[in-house]
Structures are given as C-alpha cells and as structure tokens.
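Read from first to last, the chains carry the letters A, B and C; within each, the first residue is number 1.
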C-alpha cells in the first residue's frame, strides 16, 4: 500500500468527515433536542451551495460569497422552521419524515426553476487554489486543507458554545428535558428557531465549501443527507461528540474504502468481477459499517440520552 | 359513510378499472391502459407496505428495494436466457422474501427512527448494488430482453391481457391482505403496533411475527416489481431510488393507513395528481411537495378515512 | 415448606450511580398473596420489571417453578405462567374490552401463525374472554372501546388481561392506583378471590389493601429488603416502623395520596 496515496486519501477522508460533521452536528441537535427528523437538511446544504454560487457570480469574491451565503441559508432555515417544522414537533416521526420529504421535492424543483436545470460550478478562490507540500513529493490541495481547518474551528466554536455559554447550557438542558426548560420560562419556541437556524447555517457552510469541489445540482443534498443520517445513527442521536467521531470514521471508511477496496478485490477476483464488485462493495461499505455498529450498540456509540 | 354506500363505491371503482381496456379500444389509444396499469402496480406495492406500516406500525423507508429485487431477478434471468415466467416469477418472489428476511432480521432489532434509517440504508445499499452492476446497465439500466414467457397460457405482450392480469392480482391480493389482517396473525401484528409491551407481557414473541409480516410484505412488493419490469420492459436501479420509497409511503398515508383499500386509493390519487400536474407544468414537484406537507399536517386519516365508518376497519 | 413458586436471590440493579435494587431476595409460595411495600423510590417497580423480564438484572438469579428464568425474555416468562399488570394501565385502547381479553387468551390458545380464519369470530377465544371479563366484573362492558372505559374499569381490564393467560403467578403493580375507596374495595375483594388459584406478588401503596390481602409482606427501602414476614411481624418490626410505617402514621394523607 502506497503511503503517499494512503496519506492523501486519509486527508480526503478527513475532509469528507469534516463536511459530514457540519451536517451532522446540526441534524443531531435538531433531532436530539427538538425530536424532529428533518430530511430537508440536505436541501439546506444544496441551497447554501446554490446561493454561494450566485453570490460569487455577483461579487466576484469567494469570501464574500461565503459571508453572504451563510446568513442567507440560515434565513431560509428559519423560514422553513416557522412555516413547517414548528408544526411537526408534536407529531410522530413518520409524519415528520413525510412532511420533510415533501419539502425535499419542493426545494429540488425550486432550484431548478430559479437556477435552471444545468449543473453549476464554482471557481476555486485564487488564494486557495494552490497546493501545499506536506512532505517531500506529497502535494495536497490547499482548499481541502482549508475545509478541514474551517471544520475544526467550527467544532471548537461549537464546543465552546455548548459548554461555556448560557445558550449552550440551555441547549444541553433542552436535550435532556425540554419540558422542564419550557417550564422554567425560557421561550422554547425561540430557542428552537435559533437552533434550527444554526443547523441551517452549518449545513449551508458545508454546501458552500462543497461548491468548488463538486458540481452544484438539484438533488445534491440527498446523498449527503443519507450519509449524515448514517453518521448520527452511528454516533448516537443527540450527541455532538458522537457526531464528530462518527463523521470522521464514516468519512475515512468511505474514502479509503472506495480507494483501496477495488484494487484489493482485483487481487482476489477475476478482473470482470472485481471491476463491478469493487465499487459496489465500496458504496455499500458504509451501510455495512452502520449495520455492524447497530448490531452491538443499537443506540449508537455515544447516545446523548442515558 | 355508510357501509353499503362504501361497498358500492369500491365496487364502482373496480368496475371502472375493469372497463378501462374497453375504453382504451374505443378511444383508440393505449394511454389509459398504460396509465392505470402502471398505477395498479404501484398500488400493489403500497398495499404490501401498508401491511407492515399501517397495520404493523413498522415505518420502512426502504420498501422500494423489494421492487428492485423483483425487477432485477427477472431482468438478470432474462439476460442470461431464462425467459420462462414459471421460473422467473417464483424465483423473484422467493428472492424478495429472502432479502426481506435478512433485512428484517437485522432492522427489526431496532425501533423508532433507527428503524427508519436502517431500512433506508439497506435500500440504498441495494440501489448502489444495482448501479454498480454494469453488465445489466448500471446507472442507466437496460431494456428487458424478452418479457416473461408463459408458453401458450398467457401472452404478456398483449396489453389487454397484461392489464387484466395486473387487475386480477391486485384484487386477489387485496382479499389476501383482508383475510390476513383479521386472522390471528393479523391481530398479533396490530396488537404489537398498538401496545408492544402488553403483547410481550401476554406471551407473544413479537419479533417473530413482525419478521414474518416483513417477509410477506417484501414478497408481495417483489411481485409488484416483477409486474413492473414486464410492464415497462426496462430494468433500472431508479426503481429502488429512495425517493420511490418515499412516494410509496406517501401513497399509503394519503390513502389512509390501517385500511386495506387505503393504499390503493392513495396510489391512484397520488399518481393521478402527478399525471395531471405534470401535464400542466414540468415543475409539478413544486406543487406536489407542499401538497404532501399540507396532507401530513392536516389529513390524518387519509382518503379511506373519509370512506370508513367511525370505528375503523 | 415446599419449594417456592417464585424465588429471587440476590437481585441487583444499578442505573449509573444509583442502586435501584440491592441484593434483593424474596420468595413467593404457590397460591399465596405476597405484598411488596416501601416508600416512593424504594425500587418496587424496578424489582417487578426484573421479575417480569423487562429489565436485566446486573446480578442475582430468578427461579420460577423450579426453572432458572433469569435470562428469559418477557414473552417466554409469560408463556411459563408469569403474568403482569402495569402501574400505568397498558391495554389496547382502540379495541373493545372483549377484544383486549380475547387477544390475551389467544396468546395461550394454540398457534397464532394462522393467516386465514377471522379471529374475531373465533368462539374458542371469545367465550373464555367473556368468562374472564365476568370474573373481574366487566361482563356488561365487553363491547365498549377500552379508551372509553372509566379509569377503575380500565384497571379491572388490566387485571383481566393478566388473568386471561391463566398464570400461576401474577405480578401486580399497584392494581388500585388512582381508584376511589369503593373501587379499591371491589378490587381487593376480587384479588382476595384469587388466593389459592394464583400466586400474587402485589406492589401496593394502599395499606388497607395490603393488610386485607397479604399472607406475607416484604418491605423494600432504597432498593434493599429490610424485612419479610407476616403482616403481624411486619407491623411489629421496629426497623419497618421507623423507615416506613412510622412515617405514614404521621403523614397519613401523604401516604395514601402517593401512588
């Protein structure tokens, strides 16, 4: 196994993991505290990407695009919360799944109406377009490293927010007993709206950062949404720490699996079979991993509620 | 709605469906034959999901996977020269049953949202499996080489024959489900949905019963897949895409869970609505999405709820 | 004494830092009525959950009718003759009272892997179900939807569900919970009639009920058994008086209101 390739793929896995963490942190909080399954979380990721692409077009600056897209996505999230999600708190999970599924259909079509059916692309910001030499002969894209750094910063900021601020304390209290927090006179409705907006912003950030790397198109949110759910389920619903650990694990397993499994199978199976079985197994790997975790720990690795 | 009126309404619906091929011949277009034939196949899929969802309380978000198993079993067998329906169809149903057995055995150990996610994940696995099978078309899929052959018995190539076959199977399986949910087995499944703790306390090993229900549902959906692949003459992983699973869920909810005919009503309403909307605008999802949301927020008992008497069933 | 029907030895259960059950041992003879009492938080319901099989103990063993059932799941214990009624009524709210009991009868009336016959017309289920309803005094209310029954009637139905499986041991968690004095008296009379036919392990706060029914009493405080014996022995026991009965004499209202 080529150590350079392993390092590069490992970093790619880390980068995917960080993006999954941004998605998962919001989703797990929303689920853990508000007890809402929100399938439209992937749509917020998509909207973040689309908005950023437009802002970049208008201002010519990637940085501005990021700074504008984040609050814009958060705003979209708040509107969605006020109009729909708010009415789902008291409902069972099936209702939430269906209603947010309807939202997905809506948003997927909306972006096609507003931005057209063709895939969009974002240019890499000039300042971050280069490569970094991590070790002699090992070059890694600067932008991807930036994603990892931004993700770590957000993780730290989230940690500080949750553990050191009053708002964070309310969030943690809400996670273990939301009725009590309500009884204390805290405006639960406002807390939830803010929380949803925060989750939307993080999803938007993930989308914005994905913009230059992936193609921006309708339906791009769903594959990452499903991966995000796998992450939360593995990490334990309601747990940010679980989300981080699981996100990194999933990112690494998926990336390294896709890179190394096909050639590995190539050594064991005839080439025709290997060329199909390899990618097939690699795509399935994450789900096999999840099934495995759930077999031993049906509540995930770090369930937030004892 | 009074029971007699309800029975009449349903009878009318069946009569309408039976008359469609005649109407198609009169109007000299296969369009309605195709439309209602396709809707009936999805109604069958919804019927099967309702067994575990509406009656069993198991929210499976991966039901379309079994459609795919049915589709691909027939497709793969046909690709390799096995065209006999007498071999393909039982093989497809059996395979669906086995897949459901494996998925169910693992998934049913979880509950709540974990169950929803794990069934979704398994469906995704099968979807990706389909996508990666390049020999059978991969992402794009492939045309079905030859429709299932039944010797001189049945010619699926004749649209009217096929249509009546689908209608016949749909009605027959409705009756089967009807008997199933009122049988001892059905009561256990429904009891487990209503109060699993109490069921266990009374001595029922609920896991076993749920698994059987899961397998039955998967098998029936596999049959729907068999019909589907012959109907559209195409093999594609798109049938297993998770949005398909979502749509089947919507059909069941729209039609009314916990009622035998509900899902069929839901399938008709949903697909007809989709058909009508898409004829007006290509952006029909823009309307359908919010409709689903509104439906969830306000239409709890579904269409069948409108038809059913107050105390249900 | 003959071998006890139910024997729990050294049961322990912790939840994080809290010891809910602390090396509890007790025995219930066939046909006896055995009450478990203790202040709120003593771990009575946790104990019942372990005996029923809902909760896995951290340590200890449970023997029922000579068989070690410690690792058996709930339904397997139910099949062997242990029935449960819950503190918070746990019935099928959307079914009629008769349907409720019929379902319980069905659990012990042959295989339920029957897919064709209409079970609601099965007289071999409905006749015994009516019989059980009569036993608990609900014969007239069989056709009423369970959710529409009065609270006291729901508790009676709760008991009927347990009786329907013809158990050897009934684990009853506060059967008179939420009942007024008249209803409680009726329930007590009902339970007294079961003595000899079934063994009862009764968790109760209602001291009148306990002393009217119990052959023997076990007192639980902070998860530990502090005394076991006949009602007279328990009343005379100084530890018990101090920990439990002593408090209830001065706080009579509180003790009776608690539940």
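We adopt the following convention: a residue touches a chain if its C-beta (ideal position, glycine included) is under 8 Å from a C-beta of that chain, and two chains touch if they have at least 3 such contacts.
Keep in mind that what you see is a predicted model, and the values were worked out from it rather than measured.
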item	value
Chains touching both chain A and chain B, listed by label	none
Per-chain Cα centre nearest the global Cα centre, belonging to chain	B
Pair of chains ranked first by number of touching C-beta pairs	A-B
Per Cα centroids, the chain farthest from chain C	A
Whole-Å gap separating chain A and chain B, where each centre is the average of the chain's CA atoms	32
Approximate Å spacing (C-alpha centroids) for the pair chain B, chain C	44
Chain centre separation (chain A, chain C; CA means) in Å	49
Chain C-touching residues of chain B, taken from the complex the two chains share	179-180, 182-188, 191, 194-195, 197-206, 209, 212, 311-312
Chain A - residues contacting chain B, complex	31, 37, 84, 87-88, 91, 93-95, 97-99, 101-110, 112-113, 222, 226, 229-230, 233, 237, 275-277, 279-280, 283-284, 287-288, 290-291, 294-295, 298-299
Residues on chain C engaged by chain B in the complex (per definition of touch)	52, 54, 73-76, 78-79, 83-84, 86, 90-95, 103-104, 106-108, 111-120, 122, 145, 161-162, 164-165
Complex interface listing, chain B residues touching chain A	53, 59, 61, 106, 109-110, 112-114, 116-118, 120-122, 124-125, 128-129, 131-135, 242-243, 246, 249-250, 253, 283-286, 288-293, 295-297
